[in-house]
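Order of writing sets the labels: A, B, C and D. Residues in every chain begin at 1.
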Amino acid sequence: MAGNTFGQVFRVTTWGESHGTAVGATIDGCPPGLTLTAEMIQQDMDRRRPGTGGAASPRKEPDKVEILSGIYQDTTTGTPISLIIYNKDAHSKSYDHLREIFRPGHGDFTYLKKYGIRDHRGGGRASARETAARVAAGAVARRLLLCDNIKVVAMTVALGGIVAGQRNMAHIAENRLFCPDNEAAALMEERIRKVREQHDTLGGLVEIIAQGCPAGLGEPVFNKLDAELAGALMSIGAVKGVEIGSGFAAAAGTGSKNNDPILPTGFASNNSGGILAGISNGDDIVARVAVKPIPSIAGEQQTVNLANEPVTIKIGGRHDISAIPRIIPVCEAMVCLVLADHLLRQRAIQQVPKRS
Amino acid sequence: MAGNTFGQVFRVTTWGESHGTAVGATIDGCPPGLTLTAEMIQQDMDRRRPGTGGAASPRKEPDKVEILSGIYQDTTTGTPISLIIYNKDAHSKSYDHLREIFRPGHGDFTYLKKYGIRDHRGGGRASARETAARVAAGAVARRLLLCDNIKVVAMTVALGGIVAGQRNMAHIAENRLFCPDNEAAALMEERIRKVREQHDTLGGLVEIIAQGCPAGLGEPVFNKLDAELAGALMSIGAVKGVEIGSGFAAAAGTGSKNNDPILPTGFASNNSGGILAGISNGDDIVARVAVKPIPSIAGEQQTVNLANEPVTIKIGGRHDISAIPRIIPVCEAMVCLVLADHLLRQRAIQQVPKRS
Amino acid sequence: MAGNTFGQVFRVTTWGESHGTAVGATIDGCPPGLTLTAEMIQQDMDRRRPGTGGAASPRKEPDKVEILSGIYQDTTTGTPISLIIYNKDAHSKSYDHLREIFRPGHGDFTYLKKYGIRDHRGGGRASARETAARVAAGAVARRLLLCDNIKVVAMTVALGGIVAGQRNMAHIAENRLFCPDNEAAALMEERIRKVREQHDTLGGLVEIIAQGCPAGLGEPVFNKLDAELAGALMSIGAVKGVEIGSGFAAAAGTGSKNNDPILPTGFASNNSGGILAGISNGDDIVARVAVKPIPSIAGEQQTVNLANEPVTIKIGGRHDISAIPRIIPVCEAMVCLVLADHLLRQRAIQQVPKRS
Amino acid sequence: MAGNTFGQVFRVTTWGESHGTAVGATIDGCPPGLTLTAEMIQQDMDRRRPGTGGAASPRKEPDKVEILSGIYQDTTTGTPISLIIYNKDAHSKSYDHLREIFRPGHGDFTYLKKYGIRDHRGGGRASARETAARVAAGAVARRLLLCDNIKVVAMTVALGGIVAGQRNMAHIAENRLFCPDNEAAALMEERIRKVREQHDTLGGLVEIIAQGCPAGLGEPVFNKLDAELAGALMSIGAVKGVEIGSGFAAAAGTGSKNNDPILPTGFASNNSGGILAGISNGDDIVARVAVKPIPSIAGEQQTVNLANEPVTIKIGGRHDISAIPRIIPVCEAMVCLVLADHLLRQRAIQQVPKRS
């Protein structure tokens, strides 16, 4: 209801503010018998950490995850898994001057309108720091998917107008932007440098691919797999658009071109993005998201204060130039959460065995 | 869980197959005291009906909705509202030859993979006919929104590559494609005629605008208003992409351009699409969806049969050239359902009154 | 949220008022492949029908159930199953004099307080007629349970102070009160006749036993199997108490007596009622409910009208002397719904297979 | 789904094992603007703490609750409230001999059957320690209820066969058993002493009264207020029965006696326990639960080990003689959680204002 829980069977509830004591996640519905250690989760955490990647802010958080419950001898027991990540490097003071001002492009205005009160320090719950808990929970989902050989990988396919010209999976680990095209990545880094000097910020496109997903996942008609992916990805702060398979390009095409012919060996193309009528078809699942330029720009902006008087601000604090690349593991986490949930949901309603 | 229920407080469950007895919806959570008659719902039904609009199929369904419960003296009582629309013009015979074949771009393959059984007649539950129940339920949500002066309108902004050059709201009612640009609409109709001759089909773009929505709707972090809209719209069969406000265009821009300055009189622009940090900001809510060309093309296609042998098919039956314009009221319905649900959700967690 | 949906995986939504067009249920989450016909459901419907059983009212409803969706060739397809039962013998006129009066022991007062409006005819949604939809949905759940050889049977173990002295399962089908003690049943019938002459009504006790339930069902900590059974059974209008196994008797006993010793052959006793720590232990599940005397008595009662003026009423209409025996199939239905739901829920979170 | 979440709007998820790092609760859906400090919650925690009350175990837990999120300047912000209680005095060693043995009356057997793995130390998640998190969350619910002047109090009305002869609210705070009859309390203490010597344990009855609850709470038909209370209370480990108002006594009575006459000044009696047709009627809400003798008895018991061989055990560790009185604040917490949830739910579906 209040929006901090995700999933039906594999169910995650996150909590915590940017400048509070900690952020965390509780997973209810993880099957028992899964091997799980804090180190396994930490691997995903480390990819999201502030201070890694060329567009990153200088805030230094160790982002050390602890498992507080649900594990016995490095194995899940079927009881709730509580994960906690303490906040260490919060500089709340640097937000004092924002107590009275609404930052453009941020949730300051809407949080106050909705709740009548807001924790202005670092964006409170609206901060990207909240996604640390998503990544932690997503790492557990990823472990579950790996038991079924399902792999989820996200990559930067455009940044600041520079588009990746290829999908070379080997390149993803070779540059700081998780870009499947090392040459494009170099241009993107150049673009970031330039824009940083201009006190501005950049958006981009992230593509997420899930490989090895069996046919049959997704629950028509409202919880179709593409619908759930869209909702999950759009719930990430910086995301303003989601498309599946041929996506927006399909809108301008014809049926004869967009349909994927079916051969005895499988689908001849993948315009569907691996999803037909909301159900996975066994092909790669492909989603793409539009990431807006992060709104915390160093340049001067026009806004109002609590008294609705016009003021100008320059945003200090420690901020990234782009949500990319730190959003990459967050996108992966959300897709992992959706797939793990649907994998388990499908088990619940498997076909009744025939009885004589 | 199984996916046929939508919403948390204003909660709709739909049921029914294309060629079954009927389709229907049950609404649980509609507040009492709302004036409601079958005629009010019928207005929306009539806009979705087969046989209206230039791209429409010749299937003739009266789509007459009946209210079976939840109403006393034309007023909602707070108990479940059961809506039923009987199927009248189902020609199941014409689907007999599809019993053994998977149509490309359809759910035939995935439904069988998922359930191990499928009602092949007219697509069964995967048919666009299912959306009749959505429109009926959406019409009730619309009545609720109108009590708060919230209006939802969808329009065709591109079809077959032809893009509407303006947003003239008066035009929407003046052409069969609900296009806010009469000239573009004429070109679109022309395009449809041509493609029909080519035995092909077309996709397009639909924009949905909600006016009068108060600030404060949306539940961070997973049930953000944009996340819920994205999931709701992507759950419509033909939709392959969703964007909010500046959407995919934002990905290529900069923060200084994409941020909406705040003035004492309101937001200076609306790149946010009326949603900041997942919460409505009081501005118009603007979403856009990519509608794929409908997959039932008359031309020959390559596919396989149940024995996984290669076959070719030409799809008969009665089909539209484009999901547009019949998808227009469906898009409106989904947005109405999301907004009505969040309007009620917000009431539940309104601020605690200060006590001395 | 609004309360008309039951279950998590096997999910039922009911609708309909006593004197409306129909009552019905939609089941979402029934696995595909289950053999199901209207006749199978009708068997349970017929046991609940008005006019059967010694304590029954003279209202004659055929209670003919129709399946509107979710079935193909007498087999469930995994899509929603819509069930409808039309109301035929509603005499709304006889309720006209109750429009202005609150009947003691009924929901008249509370429905008006809650909703600000009420359908006074026959109790509207608060009528026992609502349970027809529960029995229909429960019959589908029962079919699912039978695939796993789980059987649910309810019986009258006390009525009007007369207590069944034995649990002879063969007797249950031999008397109109579903009593496992034919001699007690005869005394109960005698008691009913007497109380009918006194214009009064009677309560009693119903025991429900589920046989063949595997160990492992129930979801700690809030959705324990006993918690869900208690909630399900207490949701039946006339029920004012629920106990599991030794129940209230346990409160006065000692641990050494109440614990069930465990032998290599199984539990030596069943004070637990087949549930330990909220999870089924493989033994018979045993629940007992207290059924209050139905409040529609023919004798004079003191109450108030809408203007809060004191008035006296004698309730006309067609009413039973006791909710027993018609409540028997309703109790079975609710237990079937709980067990079917938990059977499927357990499948979703089954242990992860060990991988090398 | 997996059972560790309670409530719809005021939604609590608990986690943690008896001998793990900590137990905790996350509340999602608490309205903003509520004054809340850790000290306020601690008051309820202190009443549940081990080592208080005559029947208590010698385990000494400070049960210090911390608030990790959702609060800004001692006020709720509408974001999730994360509560944590670290385990300090866990003696896991003393459970080593139970690794291979199923304790009668405990969840050892069923947890292993369900999950295939169990944390045997101190009962893991099945331990009464889990209720610490319920009490913490319930304390927040209680704060919310107090804003509407709703008060919830539980009391011991029977223990070991000794029944409280009166309901003197002043007495509740005057004896360690929270008994509304000081004389009965003295006898109960005497009985506890005796049974402790006999290495046995005792059950009893707890009555919970909610005062000041407005008419209109409860969601027919499955989420009736009495159904939700029954489910909530039965979810407490030791509870084997729940009754509302006249409860089981009603089963033996007649309608003329059990109906509560309505006077212009209110209900003349309260056999309904404040709930009619599942909706609160404005009178005191009265529920009673049967608490079984705690199964950890010091005397010798017959059971089996993991190899299903017969063995005998005497249970060591540190255990109470009765779940009473420590269960008292737990019962209050569950009732507070139900009422807070329904208070908020009712706000969501309040009557639509009439428009001209």
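Just so we're on the same page, a contact is a pair of C-beta atoms (placed from the backbone, for glycine too) under 8 Å apart; a residue touches a chain by one contact, two chains touch by 3 or more.
Being a predicted model, the structure only gives us computed values, none of them experimental.
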>> Using the touch definition from the top, how many steps at minimum link subunit A to subunit C?
In response: 1
>> Relative to subunit C, which chain's C-alpha centre is the most remote?
In response: A
> Taking each chain's centre as the mean of its CA atoms, how far is subunit A from subunit B in angstrom?
Replying inline: 26
>> Using mean CA coordinates as chain centres, what's the gap between subunit B and subunit D in Å?
In response: 45
>> Between subunit B and subunit C, what distance separates the C-alpha centroids? Give it in angstrom.
In response: 38
> Where in subunit C do residues touch two or more other chains at once?
Replying inline: 1-5, 8-9, 14, 29, 32-33, 78-79, 114-117, 125, 220, 345, 348-349, 351
> Which residues, counting only subunit B, touch subunit A once they are in their complex?
Replying inline: 1-6, 8-9, 14, 102, 104-107, 109-111, 113-117, 125-126, 130, 158, 160-161, 195, 200-205, 215-224, 226-235, 237, 240-264, 268, 272-273, 275-282, 290-297, 299, 301-304, 308-310, 345-346, 348-349, 351
> Which bits of subunit B are touching subunit D when the two form their complex?
Replying inline: 1, 9, 29-34, 76, 78-79, 144, 147, 220, 344-345, 347-355
>> Show me the residue ranges of subunit B that touch subunit C in the complex, using the header's touch definition.
In response: 1-5, 8-9, 11, 13-17, 20-24, 26, 28-29, 32-33, 66, 68-70, 72, 75, 77-82, 84, 114-119, 124-125
